[in-house]
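Common to both upcoming complexes is subunit A, partnered first by subunit B, then by subunit C.
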Partner chain A sequence: MGYDPANPMVDRITDIGPPHFEQFFPPVVKKNYGKWLYHEITQPGVLMHKSETGDECWTVRVGAARLISIELIREMCDIADAHCDGYLRWTTRNNVEFMVDSKAKVQPLLDELASRGNKFPVGGTGAGVTNIVHTQGWVHCHTPATDASGVVKAVMDEIFDYFTSMTLPAQVRVALACCLNMCGAVHASDIAILGVHRKPPMIDHDAITGLCELPLAIASCPLGAVKPVKATNSKGEEVKSVKVNADRCMFCGNCYTMCPAMPLADPEGDGIAILVGGKVSNSRSMPKFSKLVIPFLPNTTPRWPETVAAVKNILEVYAKDARKYERVGEWAERIGWEKFFEKTGIPFTIKSVDDYRLAYDTWRTSTQFKFTSHIK
Partner chain B sequence: MPKHETPLLDELEKGPWPSFVTDLKRQAETKPECWDILGQLELSFKDRITHWKHGGIVGVFGYGGGIVGRYSDSPKEFPGVAHFHTVRLNQPSSKFYGTKKLREICDLWEKYGSGMTNMHGSTGDLVLLGTTTPNLEPLFYDLTHDLNMDLGGSGSNLRTPACCLGKARCEWSCIDTQALCHHLTMHYQDEIHRPAFPYKFKFKMSGCPNDCVAAIARSDFAVIGTWRDDIRMDQDAVKGYINGDFPANGGSHAGRDWGKFNIKKEVLDLCPTNCMWMEGDELKIDNSECTRCMHCINVMPRALRPGADQGATICVGAKAPILDGAQFATMTIPFLKIDPETEFEAVIEVIEKIWDWWMEVGKNRERVGETIMRVGLPTFLKVMEVDIIPQHVREPRSNPYVFWQDEEVPGGFERDVIEFRKKHAQ
Partner chain C sequence: MATIEHGGSSFDVDEDGFLTKGMEEWNEHWVTYVKDIEGIGDMTDEHWKVVNALQDYYKKNGIAPMVRILSKTTGFPLKRIYELFPSGPGKGACKMAGLPKPTGCV
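Take a look at the complex of A and B:
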C-alpha cells in the first residue's frame, strides 16, 4: 500500500478539501455557536465570552513565531490535552489560543504556560501591540529585500511590553513584508516594515533567451522601463534580451519575479522602508492605506537596530500623543502629517512625495497647513 | 548533516519573544536538515541577501498548484536544503484544531519533511516548510488517504479561502463565516487545484465590519457581515457603562488610566455620522443615519449589539501594489442575505458573474481589481447586473469626461456634416 510511482493515478484521492471545522470545536464553542452575548478582556491575553445560555468560554492568547517546529506544535498539543479537552486554535495574526470553559481553569493553564520559559508569552489582546504578520524572508523566498523572521524577532523583543500590556490609545497592528509584493498586510497596517531594493536589475544575457518569456518581463514593469533589445552574450553571440532604463526603474523587482535572468538583490542597496497609518477595520474611519514615512533603513543583521528604533519611536510618540481609540492613521490625519513628522522627529524627504500616476491627489492643494520646524 | 556555526543567528536566541532560532535548533536534534536551514540563513545574514534560486516548478499529478518549489543556490554547502519545497495544506475554517489531527500532521511531516512549519501562511494555509521532490507524491498519498486532508492553492487560481472565527466565539458575527468559507472551498475544489484564471483570486469572509480577517484589504472577493435594521440596545447596560460597572471596550484599555468612562467623549463624539445622543440617561440612535462602523458596539459590547436582520456587504477587487498600485475592495453589493439553507446560492451567483466576465476580459496576470480599473466601475457594475446607487461611490466624479452610448442620445451618433453646413457656414 501507499503511493505507487509506476501507477501514479491509481488510488489517487483529490478534491476532498479541508477537514470540516466543526469537528475541532471545543464543546463549549460547539454548544454556544452563534449564541454569544458579550465578551471581556479580564487581563492582557485573557478573554471571556459569555453566552446567552450562561456558559463562559475563557481564552488565553499566546504569541508565536509563526515559523515553528513540529516539536513545538506537539508541546502545544500536550498543553491543550492537559487543559483544554484537546482543542486549540490559531488567530488571523498567528497567535495561538487555548480555550477553557470556566474561570477556575484559567490560572492552572497560565501557570503551565509560564512554566515553559519564554515559549508561550500571554498577551496580544486589547489596546496593545499584537503579533507581527510577516512573510518568508531569507528562510524560503527568492525575491526578498530583507529577512522576515529575524526582523520580527528583533522588533518584538524591543516592544515586548506592549504585547503583554494594554496601555496604548488603540490596538497597533505591525506587519512586515520582505518585498513590495506585500504578501500579507503591509499596505494596511498601523506600522509596516517593508523590504525595498535600490538598484536596477542586472541582465544575464547568457541565460535570458532560454529562461524567460521576454514579453512577460516587459509587461511586468509598472513604469515601462523594460524594453526588448538585441544584446551580446559572453560568447560574443547576438541574443534576444531586454534593457532596463535605469532612470525609469524604481526597483520593484517584478521583472525578476517573471524572469530569473534579471536578479536585483544587493547587500548594500537593499533594506527597509517604514510605512504608517493603515487600517482595515471600518470602525470610525474608513480603511486606510499605510503611507511611506521612512524611505530607507539598512539591513543591519542580526538585529536591525535602526528599524527597531524607528518602530519604537513611532509607537512611543503615538502612545503619548494620540487620543483614546485613535489608530495611528487617525491620529496622523487629525494632527496633520507635517505634525506627525515634527513630533516623531522623522526627517521628511522627497522620497515620501508620491510621483506615481494618481500622485496629484496626495499633494496639498490648500492653504491649510501648520507652521512647523520644517518651514524656515 | 553537520551543525554549522551561527554566531549571527545565535543573537536572536536572546530576548523575551519566542525565538525561531532556538526552536529550529531544538528541531535539528531529530531532523538534522534543520542545521542546514540555519546554516544557509546564517549565510544570508552574513551576506545580507537571499540564497534561494529563482522559482521552482514542482507538484503532484492531477493538480496545477499547492506546492511552492524552492532550491538552494548553495546545495553543496547545505545539502539538507538543496530541495526545500513548501507544501500548502488547506486549513480548517478559522483554524480550530483537535490535537489528534495536529499530531497526525506532525507525524506526517516528521516522516516526509524538515519538521518546520508556518502556522499559518498569510492566506490561511497550514504551511509545511521544506521537503524534497521525491517525497511530494508519497506525502500527498498519506495526506489524502490517512489524514483526510487536501492541499491548498497556489498559482493563477482560486487560492485557499479564509475567514474570521465568526459565530464560533464572537457576539458580533452577522454571518456564518466558517460555514460559508467551508462550503465555497468544497464547491470550488476544481478552481483551487487547477489554475484556470488570468491570475490569482482570493475569497475572505469577516463576520462584521471590524474585518478580523482583513477581507477588504486582502481578498479579490470580500464578504463582510452587516445588518440593515436597528442596533439592539440594552438601556440598563448603557447605564452600567456610565456608572462604571462594566469596562469600556471590553477592558481593552485597562492598562492605562484614561479617566472615568465618558459616553459623550468616547462614543457620541466619535460616531462618524453623529447619529447618537442622550435623552436623560437613555441612549438614542438614529439608525437611518448609522453607517454600521462598529465603534459604539465595540466600546459597549454588553449594551449594544448588531441588528437582527443580518447579511453581508460584498466588496470586490482588493490587491497589493503590483502592478498598478494597492487597492482596497470596492463596495459592489450593499446587502446580501447569506443563507446556509440554500447552500449559499446567492453568493455563488455573484462569484460566477465575476468569474465569467473576468476569465474572458482579464489580461494575463491582471487581478480583478485592475480589470475593474481598466474597464471602469460603471462597466463592471453593469456586468454584475446590480442597480447603480450612490453607495457605489465615495463621491461623484469631478471631471466631465462622461461616456454616453448612441442609443442614449436622441437622434444617435450618425450625423451628416453637409446637413450641418446648410445652417452653419465654415
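Take a look at the complex of A and C:
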C-alpha cells in the first residue's frame, strides 16, 4: 500500500541499511574477490587487474560532474548494459568505472564512450589530476562563501589535459569546499579551493528570539567573539540577543550555522582561498594537512579566472620542479616553503602566518632558511 | 513565513512548521495542531512529560537539551521517545514544545 499520511507508522520499513555490495559485483569480480595478483594502468583511464585464477578485469574510468541528472545515470546504465552486463561502479572521487572481463571488450567500450561527445571523458588514473571532490555551493547549501559546481567546472576545463594524461610527478588531488566547514577533502588535498568570508555577521534582532538558541551561538565561536546582550528590536522592545566583537571575528560563519539570525554572506567580501600540500596516504611521508598560500581570490562568476589561473600556476610549477613520486606537500617541504612561494610567484602575506592557539609550532625556530625574493 | 490558524489561535511558523516566535505564541492549541500533523494519536502523560521537560530546560538554559539529558530527565530511552514522537526529539518533540528549530549540520 502507498504511504498513508494519516497513519505514518503503518507498513513502515526501517533500519534495513544499504543493500549488500556483493549483489552488484560483476561476475569476474565476484569470482576473483580477494585473489588479485597485480594491476597495470595500460593507458590513461584504463586499468587491468590480473587474478591468480588467470582472469582479467579491465576497468575504464570516466569523469563525472558528481551532480548529475537521472537521464545521465540512465545513459550510463545503457552503456553498462551494452558492454558490461549491466554492472558499473562509482569511485571515491565520483568518477564512474565500467568493468569488462577481457581486453577485446575494452576498445568497443572506449569507442562507445567517445561517441557520446564530452559526456564521458576517459582518464583520472595514475600521476595526473583526477576528479575534484567538492560540495554543494550555491546549488543547495545556505552557508557557502562560493559556488562548488561552477568553480569545479571552470578549473577542470583548464586542467583537463592532466585528467586524460599521466605526466605529473605524482597524482594531484584537487578538492573544493564552499565554506570552512570543509565538507570533503579540502584540509588534506594537494591543492584545495576553499570559500571564505571577510565580513562579520549581521545580527537580526527582530528574528533572533524564537529562532536561535543563544548559548549555542555563543559557544559556536572559536574566538569567543560572540557575547550575549540585551538589544532593542525594530519595534522598540528589549530582546535577548548577541553582539559580535568585530575585532575578534575571523568570519568563519560557525555562528550562522547555529543561528539563522546571524547571516554573513556578502558578494564582495566572499571569495576563495587556496591551500596546498595536503595528503592522506601514508606512502613515503605521513599524511599532511594542506596549508594556506593564497588568502583571497574574488568570486568572479561564472568562470572564476583568478582561481583557475592560481590552480594552474601551482600545478605547472610543481610539474616542472618536483621529483618523481613527490606529492605537492612533499615537494614544498623539501625545497622549503619560502622557495615554494618564490617559484610559484605567489606573494607571501601575513594571512599565511598562523595566529590561532597552537600557532607557535608553525613559526621558524631555526636559522635554516634560504634567501628568496620575498626577503628584502 | 506563514500563519497557521488552529483552534482559534494563530501561529507564525517557518517552512518546516516551527514557531518563529517561540514560546511567546505557544499554547495548547499548538500542541493539538502538531499532534495531528506528526501522526501522534492521543497526547498521553508521557508525551506531556517530554514536552514539559523540553520547555523547562529551555526556559532555564536557553537551549534545547542534549538527547542524553532529555532521556535522563524523562527516564525515556531514545527508542521510547521515537515511539512517542515518530519524527524524533528534534522535529517532533521540540516543534510541539515551541522550541527553536534545531540548527547545525542536521
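One rule holds for everything that comes next: the second predicted complex is superposed on the first by the 376 of 376 C-alpha atoms of A that agree within 3 Å, B and C clash if a C-alpha of one lies under 4 Å from a C-alpha of the other, contacts with A are read in each partner's own complex, and residues count from 1 in each chain.
Definition applied: contacts are C-beta pairs under 8 Å (C-beta built on N, C-alpha and C of every residue); 3 or more make two chains touch, one makes a residue touch a chain.
From a predicted model like this one, the values you see are computed outputs, not experimental measurements.
Within the superposed three-chain model, A:89 lies in touch with subunit B and out of touch with subunit C [touch as defined at top].
Touch criterion met: A:41 reaches subunit B, while subunit C stays clear of it. Within the superposed three-chain model, A:7 lies in touch with subunit C and out of touch with subunit B [touch as defined at top].
Once the two complexes are laid over each other on the shared chain, residue contacts for A:209 go to subunit C alone; subunit B is not touched.
In the superposition on chain A, A:350 contacts neither subunit B nor subunit C. One of subunit B and subunit C touches more residues of subunit A, and that partner is B. Judged by the touch definition given at the top, the superposed model places A:104 against neither subunit B nor subunit C.
Shared interface residues of subunit A, touching subunit B in one complex and subunit C in the other, are 5, 8-9, 181, 216, 260. Chain contact summary for the complex, subunit C toward subunit A: residues 19-24, 39, 58, 61-64, 86, 99-101, 103-105. Those residues of subunit A that touch subunit C in the shared complex are 5-9, 181, 207, 209-216, 240, 257-260.
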